[in-house]
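Lettered A, B, C, D, E and F in written order, each chain numbered from 1.
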Amino acid sequence: MVKIEAIIRPQKLEAVQAALEELDFHGMTVTEVRGMGRQRGATYTYRGSQYTLSLGSKLKVEVVVLDGAQEEVIDAIVKSAQTGEVGDGKIFVTQLADVVRIRTGERGEASLS
Amino acid sequence: MIAGILAAPLALAQDAATAAAPVAAPAPGAFSKEIDSGATAWMIVASVLVLLMTPGLALFYGGMVRRKNVLSTFLHSFIMMGIVSIVWMLVGYTIAFGHTDNGWIGDFKNALGHVPFNTPGEEASRIPAALYMLYQMMFAIITPALISGALAERMKFSAYVIFTTVWLVVVYCPVACWVWNSNGWANKMGALDFAGGTVVHLASGMAALAAAIMLGKRKSLVQKEPILPHSLPLTLLGGGLLWVGWIGFNAGSATDVNPVAISGFAATQLAAAAGMLGWMLTEKLRFGKPTALGAASGLVAGLVAITPASGYVDMLPGTFIGLAAGVICSFAVSLKSKFGFDDALDVVGVHGVGGFLGAILTGVFASVLINHDAVEPAMKAGRGALIMHQFLAAVVIGAFSFAASLLILAITKLITKGLRATEEE
Amino acid sequence: MIAGILAAPLALAQDAATAAAPVAAPAPGAFSKEIDSGATAWMIVASVLVLLMTPGLALFYGGMVRRKNVLSTFLHSFIMMGIVSIVWMLVGYTIAFGHTDNGWIGDFKNALGHVPFNTPGEEASRIPAALYMLYQMMFAIITPALISGALAERMKFSAYVIFTTVWLVVVYCPVACWVWNSNGWANKMGALDFAGGTVVHLASGMAALAAAIMLGKRKSLVQKEPILPHSLPLTLLGGGLLWVGWIGFNAGSATDVNPVAISGFAATQLAAAAGMLGWMLTEKLRFGKPTALGAASGLVAGLVAITPASGYVDMLPGTFIGLAAGVICSFAVSLKSKFGFDDALDVVGVHGVGGFLGAILTGVFASVLINHDAVEPAMKAGRGALIMHQFLAAVVIGAFSFAASLLILAITKLITKGLRATEEE
Amino acid sequence: MIAGILAAPLALAQDAATAAAPVAAPAPGAFSKEIDSGATAWMIVASVLVLLMTPGLALFYGGMVRRKNVLSTFLHSFIMMGIVSIVWMLVGYTIAFGHTDNGWIGDFKNALGHVPFNTPGEEASRIPAALYMLYQMMFAIITPALISGALAERMKFSAYVIFTTVWLVVVYCPVACWVWNSNGWANKMGALDFAGGTVVHLASGMAALAAAIMLGKRKSLVQKEPILPHSLPLTLLGGGLLWVGWIGFNAGSATDVNPVAISGFAATQLAAAAGMLGWMLTEKLRFGKPTALGAASGLVAGLVAITPASGYVDMLPGTFIGLAAGVICSFAVSLKSKFGFDDALDVVGVHGVGGFLGAILTGVFASVLINHDAVEPAMKAGRGALIMHQFLAAVVIGAFSFAASLLILAITKLITKGLRATEEE
Amino acid sequence: MVKIEAIIRPQKLEAVQAALEELDFHGMTVTEVRGMGRQRGATYTYRGSQYTLSLGSKLKVEVVVLDGAQEEVIDAIVKSAQTGEVGDGKIFVTQLADVVRIRTGERGEASLS
Amino acid sequence: MVKIEAIIRPQKLEAVQAALEELDFHGMTVTEVRGMGRQRGATYTYRGSQYTLSLGSKLKVEVVVLDGAQEEVIDAIVKSAQTGEVGDGKIFVTQLADVVRIRTGERGEASLS
């Protein structure tokens, strides 16, 4: 099983959710994060001074899937989260050693179905 | 129980007093006949409105600091409601408004709450003296709270408490005496300050400057990180409460229900509005778009500048004063980075500059048509002389507040072993 | 300094005026003798209470939008405090309340702040005219702010400013003239609107409908995502401030301290309470449990509907009007999805429907026992005729506001190149 | 439409009434001549200030609970504005303030809103009876809302509604009759309670104790997790609004503009300030540093204790009462863990203890110099007797409220099948 | 060393903390997240319309332990976080390449003790 | 590629950012977390009772770099985030299976440049 961890723009969440549901993946975990990369954060004007934040708002979407589904999920996320402009985000893929479903104690692949 | 026991002697003393010494005797429960029930009703409410400004200020300032400092910033305002009420009743009022012959400081006849509930005092003839004392108490509460904007996010709480308490007694009360006491020297010179442009705003603005200099910069600023307001809706809401309360502040300064009170209300409302628009227009021209913080800052700037003028000026000049304050203060706050002091929430740029501007423009626009009784004598030597008197009073009071504040802070620093809070606090 | 220089000619002009032209002359600083100090004290406070409603509205609306839009929603309300105050003093008041013979629009004698501080005007005989102008200014501030609920979360700021300013002058001021000016046509016809059910709520509700239609839906709604309120405690707090301020709005509309003012207070308090309960009961029956947003919405619905009726109706009918509004408006807001317009915060369902309902029920319940002077003449042709007049005034004014708003929005769209804000803003 | 149809009979009935039965007839729209416009203006505003306390209480309590419970805590306060307004107008007022000969409960002549708008009633001679009814309505709203602090974060909404409504009618209204009705037994005995130390605070505090015991502890407390306030700035802001509103509560209890009202204002302001300082000093001494929650709690404690005394005591004793309350209540709230009941927001420690303390100290400090008309007869048998009467009234009323509350809660529990909310709610 | 990443119900945090402390594991890092799976988020009624959130509130608890402790920790979490109803959450296990204690610069197993 | 996941004190963020920028690493993702370890959370006094939170505020900083940069990045973080007192935090290192740049769909090393 792999964990696919995508950093996306906040306004793209619904699109990504929709794309995954279409492929019949319903599980995901979402975290509010702030990110920095080529893109910088927002610029504010307060009482005549300008400030640029180094970090901008992003969401981290984590989806755990069986090894075989990795490519199709990455594809779906890339397509649905893309705007083509700097700051679209990254996807990190990690191999998992195990997965457990707390409700039942099931382990491994069974716990994801 | 314990309290009861402790209190027994006090009560006995009071029973004795009942028999023997009706000092501030409010006697049979009726007002003396100069007192008007409508005027008194209005002034109770005006006092309440001014009291409401302090929570409003807590919101206004609290929204502008970082999240971790909201509570300490709120407390800076609220604690003044506690300390100043008591200090004012005990000694502040009598220093400011006790009878004075020298024009510098009141006598101590009205100390310890000795102010009658049923007869008027020297300053306000149609309401009971104790009500005037309460009304002025609310002014005394918010003035030191205003200073807190300059020292937000870094002053030690104990140092803040000592500094503001001493400042109240040593700076605010005497200045109020000079300007508002019927025998105060600035008052007799003919300087006009209807509701406290000089006494409240310029004095607190200059104290803020002293504090900003003595305290140094906030750590993050030294490291060049931006310090962003955590909640501008709070600041706007605070601005709204300040506006609402300020009507009590300015129109109430007529201490009566009369045409002067109504004109004070009109000028206040219009100057706040014009200040908001002035600041936002300046932003639009300088930076391409107006901001919500600009709206809140501008309305306060307008209110500050109209404070000394309201009750002396008609609607159009009142509007102009607000507009001028919105524009000028919005430039003034940009200067602080040039001068290198960290006046965190721009007390100097808004209250100092706005208060000074208002004092001068009061001289320019004060009209006998609006307030004959006060403006006619002040204009005896012509408008030029009036403007000079305004300038003089502002400079003397500003300089006094600045110098005295430096001194008080230096002494406080010794007592509290440093003025700055540690990271933890 | 600069301001001083700029201001010099203005001051000179004023000195000249002092000598020559006491147009709106408030003379020697005393009220003319019709004016009552108690009534004036009350009306200053009533004005302040109505002013407080606008920050209250900012909270009420601000709590209902998504977090990212709070500040812009707040600003929609606050900016009206800036713009409308000035516009009202310059031209608005005189259009609405200047003397009129034609019944459609006031003459321009009271433009540019020419309103006396010491004598009453035509509409309120026991308070100075300038105070009445200020009191009505607060109504003029909140009315366009009410509309902002329909266009929340998507209108461009510049377009909002232009639309509301023009709407104020072209729609609100004339309508106020028709209904409240002593010679307004609707007033003379015998239509009753104590505090603005038609002028304020129906007019703004119909403008809101026009705006919702012209603006189209919010993007997320098109994508069928739910748009959830970010902070209902803010909305409840705003509802509380609106309630408090509304007592100034309705009881103050008596422009005096008299039995009508007290009955207006009673009806307002009871209708707000009954509106809250009515809406919550409906929720309980329809969805199984009442909600906090229902409580806030219901109290506002009750207040809207009692606005035209307060001062004309006794306590039980007042309670009934509030209850009816709570129930009916809670159904009305469910309809918008059927009709397919996106009235974001339900201005149409609450203010439009509630205002209309209140206008009709005012006809049904107005009682000579409560307000003989106003109801007796209006009932000359019987209650049926009164209800017809109420209906007629409501329909004409509603239709006028709707049509004029569409037109103003169309023109605004040309000027600002589109009405909708970009994602960024 | 539907409303119109439903309403028709009511209107017809009213038309009939117009012709035949001017029961509470406010006649030709003018006040009877005892009524003073200044006093009436003030009492309208005082009512509005007391109304504002309920949203203030929502903030005060709402800031102290966990985030997930803010909305339900807010609703506990707001729903009282809905329910109590109606119940008070229908039956509450007449139970409390209807004419009584037995001294225990008023007759039903003033039920269903039958209270005149233009003539005074028995309790307040210079304002219209309907205004006194509205003023007291605001007291009746906040009293049960105070209890909600004890049952925060765990009571079922339906149970809360039933309990408070019944409590209002069965406990609050009779107690108000005993103490404030001109023929109430406690009143005639000579017990003094100017603005409700016993009626409002002690009664709600003891009801809170009953509720805390009946409900048991919050789950997390049982698990020994700390339950932390989610937003103390909200609590401070709420404390500020309570303070502001409380001036209407206490000074307004003079029901007139007179020296007693002014002394009530002074004592209230000083006691709030002293309470804040007293609580914070105690914290400083006990725990090393004062807290913001201490400031908010202390000011409320001071206000609670001065409530029965304001209007009877001079400034220094008023300050002392506030100080004593700040110190004593800050110890009292630490006791609850010893006794093992979970009074979530310390209603017992602040309102129960503070109300009792205030009742006793009122006896100790009441002065004929401040309020001759009321204190002179109460002191006829000497100060010792007065203190005994204070004690007696407090004990009887406290015990009654506690016992009756237990009973009402037990019955409510049967009706709503349990008092506690499920996790979900 | 392995990282054990558990998505749990917010109200179960104290129970999980207690269970781990009993086994003498004191280190953990907690993040507020929103999750979707079989279970959907809360349903709200606003002014007569009903809305269902796709995402519900969860907490992510991360515990890093030596390889040998993996099973005992998983067991403790499953037991303490279970309610038996849909939405109890998942546990993801990842092998770590290294661990560093910032305070001392210690690496590997030493940094965890 | 490796993911370097550092739990740090909130007030150290700017220092860490600066240290990484000096080494020319500009990408990072930051999450607000709460942590427990040897150090306990803050202690509060409310109305006369004292409460100690088990969890204290921390930030999680995630930086993904090429394998070769791992040591230099860890060093930079340790130096810039250290105060020497308990509670400085930990760094966890995980091997990644893949990285994708959403904007372009690039995979692997290219996506990080």
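Heads up, the rule we're going with is that a contact is a pair of C-beta atoms (placed from the backbone, for glycine too) under 8 Å apart; a residue touches a chain by one contact, two chains touch by 3 or more.
Values in this document were obtained by computation on a predicted structure and should not be read as measured data.
Enquirer: By that same contact rule, can you tell me which chains touch chain A and chain C alike?
Expert: The common neighbours are B, E.
Enquirer: Where chain B and chain D touch, do the two copies share over half of their residue numbers, giving same, or under half, giving different?
Expert: Under half of the interface numbering overlaps between copies: different.
Enquirer: Hey, how far is the Cα centre of chain B from the one of chain F, in Å?
Expert: 47
Enquirer: Let me have the rounded angstrom distance from the C-alpha centre of chain A over to the C-alpha centre of chain F, please.
Expert: Distance between chain centres: 18 Å.
Enquirer: Could you list the positions in chain A whose residues touch two or more of the other chains?
Expert: Residues 31-32, 94-95 of chain A each touch two or more of the other chains.
Enquirer: Would you pick out the residues of chain C that each touch at least 2 other chains?
Expert: Within chain C, the residues that touch at least two other chains are 36-39, 41-42, 45, 289.
Enquirer: Spell out the residues on chain E that touch chain A in their complex, using ranges where they run on.
Expert: 2, 6-8, 31-38, 54-55, 58, 60, 74, 77-78, 81-95
Enquirer: Within their complex, state which residues of chain B touch chain A.
Expert: 226, 228-229, 283, 286-287, 289, 291, 293-294, 297, 330-331, 333-334, 337, 346
Enquirer: Under the touch definition given earlier, write down the residues of chain F that touch chain A in their complex.
Expert: 3, 17, 26-32, 64, 94-103, 105, 111
Enquirer: Enumerate the contact residues on chain B facing chain D in the complex.
Expert: Going through chain B, the ones touching chain D are 2-4, 6-8, 10-11, 14-15, 17-18, 22, 24-31, 36-42, 44-45, 47-48, 51-52, 54-55, 58-59, 62, 70-72, 74-75, 78-79, 81-86, 89, 112-113, 117-118, 128, 130-131, 133-134, 137, 157.
Enquirer: Would you pull the chain D residues touching chain B in the complex into a rising list?
Expert: Counting only chain D, the residues touching chain B are 36-39, 41-42, 45, 49, 232-233, 236-237, 239-241, 243-244, 247-248, 251, 257-263, 265-266, 269-270, 272-274, 276-277, 280, 289-290, 292, 295-296, 298-299, 314-317, 319-320, 324, 327-328, 357, 360-361, 364-365, 367-373, 383.
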